[in-house]
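Two complexes, one shared chain (chain A), two partners (chain B, chain C).
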Partner chain A sequence: MVGDIMKRIDIAKDFSDTPLGRYPTDSPVSGERFREELLCPALKDNDSVTVVIDGAEGYGSSFLDEAFGGLVRKGYYSADQLEQLLKIECNDPEYVIYKSLIWKYIKEARKK
Partner chain B sequence: MAEMKRTTKPTTNRGGNRRRRHKHRQWFLRQRKKQLRRDMRKKRRGDSGARPLSGLHLNMHTKGSVSSDRERRITIQLPAVLDFDENYEQSASHFAVLREAIHKRKKIRSLDFSSIESISPSAALVLASEVDQWNQQVGRRLRANLPSWKDDIKRLLCQMGYFELLELEKPEEAWPTKSITFLKFKRGQANAENSGQLAKQLRIEIETLVEQRIKKHFLFEGLSEAITNVGQHAYRDEVDSRRKQWWLSASYDEDERKLCVTFYDQGDGIPVTLPRYRFFERIKDVFNSWTDSQKIEAATQIGRSASGLEERGKGLQNLVEFAKVHSVGKLSIYSLQGMYVQSYTNDGTNASQTSARKDFDNSIGGTLIEWSVTL
Partner chain C sequence: MDAVLEISRIIVPPLITVGLGAYVAQRFFVSRANEGAMVDFMVRDLRELQNDALEYWTLAADTPENKQRQIILAQKIKGMIKSLSADSNYYCDRYCKCKSGELQNLLVEVADACTGGEFESVRKKVDTGRYILIVNAINRVKSELHRRKL
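Here is the complex of A and B:
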């Protein structure tokens, strides 16, 4: 039996330690770019994906909403599917707030 | 013949008198028209004290501070107190004149700093942005007579980077040490690769200055949203992203342990950009009657009260967090002619929040965000 394929993305190390903005027009390290270039391909090719949010300077809601809420708005996945596929890892207690915000944005997002 | 002359002369005089009367009436009518035009211009300006000087619009706060020489080169004397809290109208009016002079590419002979006795971090940043614009758009060196500056002002402006802006040589003299220290301002632009790094760099400089770690993620949260707003909304008609600029700085008062972080852009302003949200478009008849400060307050409420309304409306809520998480914190947002302030206190057991709005006669020429917290 072949085990589940898992992928781990560390935002600070694999993308940027200063992620910023919603669209590529806001910044080259925007939420849309993270979603399209790292998160979506990882979700497509793996059975589950763990996103590590520690280590970055911080996160604005524009980045988080577009990166994670955008998965639902763009029709890639439903919130229920993401609960099965996506895991947010956070070891720094100060960043726990971003973990809850990510799930909030996923649940609030509606497919367009 | 003599009889004939006597009879014809009065006839000629009558014709001449008529012409003179006609000419005089025409002259009088022209003068009256000129006066009417002057009155109309005065009425349109809506400010009885305003007089254009070398094409600049002055008001009661600036008419004594701007002069021009025979070559139409202007000198702008900055007021004694440059501070939006204590002296808003005068500070904003002087910056507006400088901005107009730069925009119209007027010949500025000098910018006179000699009267300045105190300058707040926010006012220093806005002034730095104007001088920076002059350097970028006009390029000629802006003259400033350094020896006439007060020592403390010299020290603060040197720390903020004015000596580089004004191409002044830094003197080696030891300046008096005061409890307030300014950090050198940073200029960023929309969609630039280094925007986040500039915010991070400022945080590192702040931590070195205050000798302790600060709540960096909350600061970055606020700054990243302020930067995002500049790219998305602030400069709507500007197609060149290099001109979509913002300025950032910080200061620390060691005696009061007060950290102040300021962010400024010269964009359209929140009261103008806010109606672009669908919700405000729907209530535009009511919305248009609001003052600028009411519109700024409304902008901070989007995302809090209208959750799910629109995904692009959560940004300004991020600004309050850095002020909220300290024992004493204040977020002030100045945009165009309005100001909205949220103040927080938290002693560990009791937390309270107050807010205030104010509207002014003069515009700040963009949006200024100021976080003031006690460490």
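Here is the complex of A and C:
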């Protein structure tokens, strides 16, 4: 759509290639920190955000749940809004499972 | 000369049919054998993942050695899940295109069971309740793979 502002966040390049943990007390590259410092501001300032998950050493569910499910739990966005705003991109088959996990956490967080 | 031509006219078509049939059968059995080997490989990885995950969730981080062991196990678990994701994608692309979602969903449950909760957290405690979650999730994938192999 003309005029839409799109932001692209590459987790491995823009945040860390070894993201881990749920809270900042767990690690300096935790899910909460990613959500608060990169994801939320990007979602607030843009019409859509693409998060590239390729390239990281791997993700724990705790990181993904806090980073993405936390958006719903903290009341920033509903799962329906995120379906419109957020796009998860992965080209490497190793990361396909994380894409499914992210949407699982977003949808499950809605139920809470 | 006519007799030779007559005999070859009779023999050649069945020979071609038998040859093609043998080729198709050989392709089928090679494909099944490769699929079986791939399933065995994935089941072996799942077993290893199960052992590592169970050790991780039953290990108390009360000594520096245990903390170090936990870090190593966490990396092994994440690496194995990545590897299984790639293998299952390859397997589904090659052998079960129409049902790729089912296996992927089962693996999502495995990843959630193995690396959810307080995984890689400073607050992580021994979580024996996770034992049954991990075993059940992994067994569901193993059953599905065995079902397809057979």
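Definition applied: the second predicted complex is superposed on the first by the 107 of 112 C-alpha atoms of A that agree within 3 Å, B and C clash if a C-alpha of one lies under 4 Å from a C-alpha of the other, contacts with A are read in each partner's own complex, and residues count from 1 in each chain.
In the analysis below, contacts are C-beta pairs under 8 Å (C-beta built on N, C-alpha and C of every residue); 3 or more make two chains touch, one makes a residue touch a chain.
Just so you know, these numbers come straight off a predicted model, no measurement behind them.
K.L.:
So, on chain A, is it clash or fit between chain B and chain C?
P.N.:
Aligned through their shared chain, the two binders clash on chain A.
K.L.:
So, A:Ala109: does it touch chain B (first), chain C (second), both, or neither?
P.N.:
In the superposed model, A:Ala109 contacts chain B only, not chain C.
K.L.:
Quick one: chain B or chain C, who's touching more of chain A?
P.N.:
B
K.L.:
Contacts for A:Ser78 in the overlay, against chain B (first) and chain C (second): which applies, first, second, both or neither?
P.N.:
neither
K.L.:
State whether A:Pro93 touches chain B only (first), chain C only (second), both chains, or neither.
P.N.:
second
K.L.:
In the superposed arrangement, which partner chain does A:Ser48 touch: chain B (first), chain C (second), both, or neither?
P.N.:
Neither partner.
K.L.:
Once the shared chain is lined up, is A:Asp17 touching chain B (first), chain C (second), both, or neither of them?
P.N.:
First partner only.
K.L.:
Which residues form the common part of the chain A surface touched by chain B and by chain C?
P.N.:
Shared contact residues on chain A (touching chain B in one complex, chain C in the other): 20-23, 25-27, 57-63, 65, 94-95, 98.
K.L.:
Inside the complex, what are the residues of chain A that reach chain B?
P.N.:
So the residues of chain A in touch with chain B come to 16-29, 56-63, 65-66, 69, 73, 94-95, 98, 108-110.
K.L.:
Can you name the residues of chain A that touch chain C in the complex?
P.N.:
It comes out as residues 20-23, 25-27, 57-63, 65, 92-98, 100-101, 104.
K.L.:
Okay, in this complex, where on chain B does chain A touch?
P.N.:
190-193, 195-197, 199-200, 203, 215-221, 224-225, 227-228, 231-232, 303, 307-308, 311-312, 314-315, 317-318
K.L.:
Spell out the residues on chain C that touch chain A in their complex, using ranges where they run on.
P.N.:
Answer in residue numbers: 74-75, 78-79, 81-86, 88-90, 104-105, 107-108, 111-112, 114-123.
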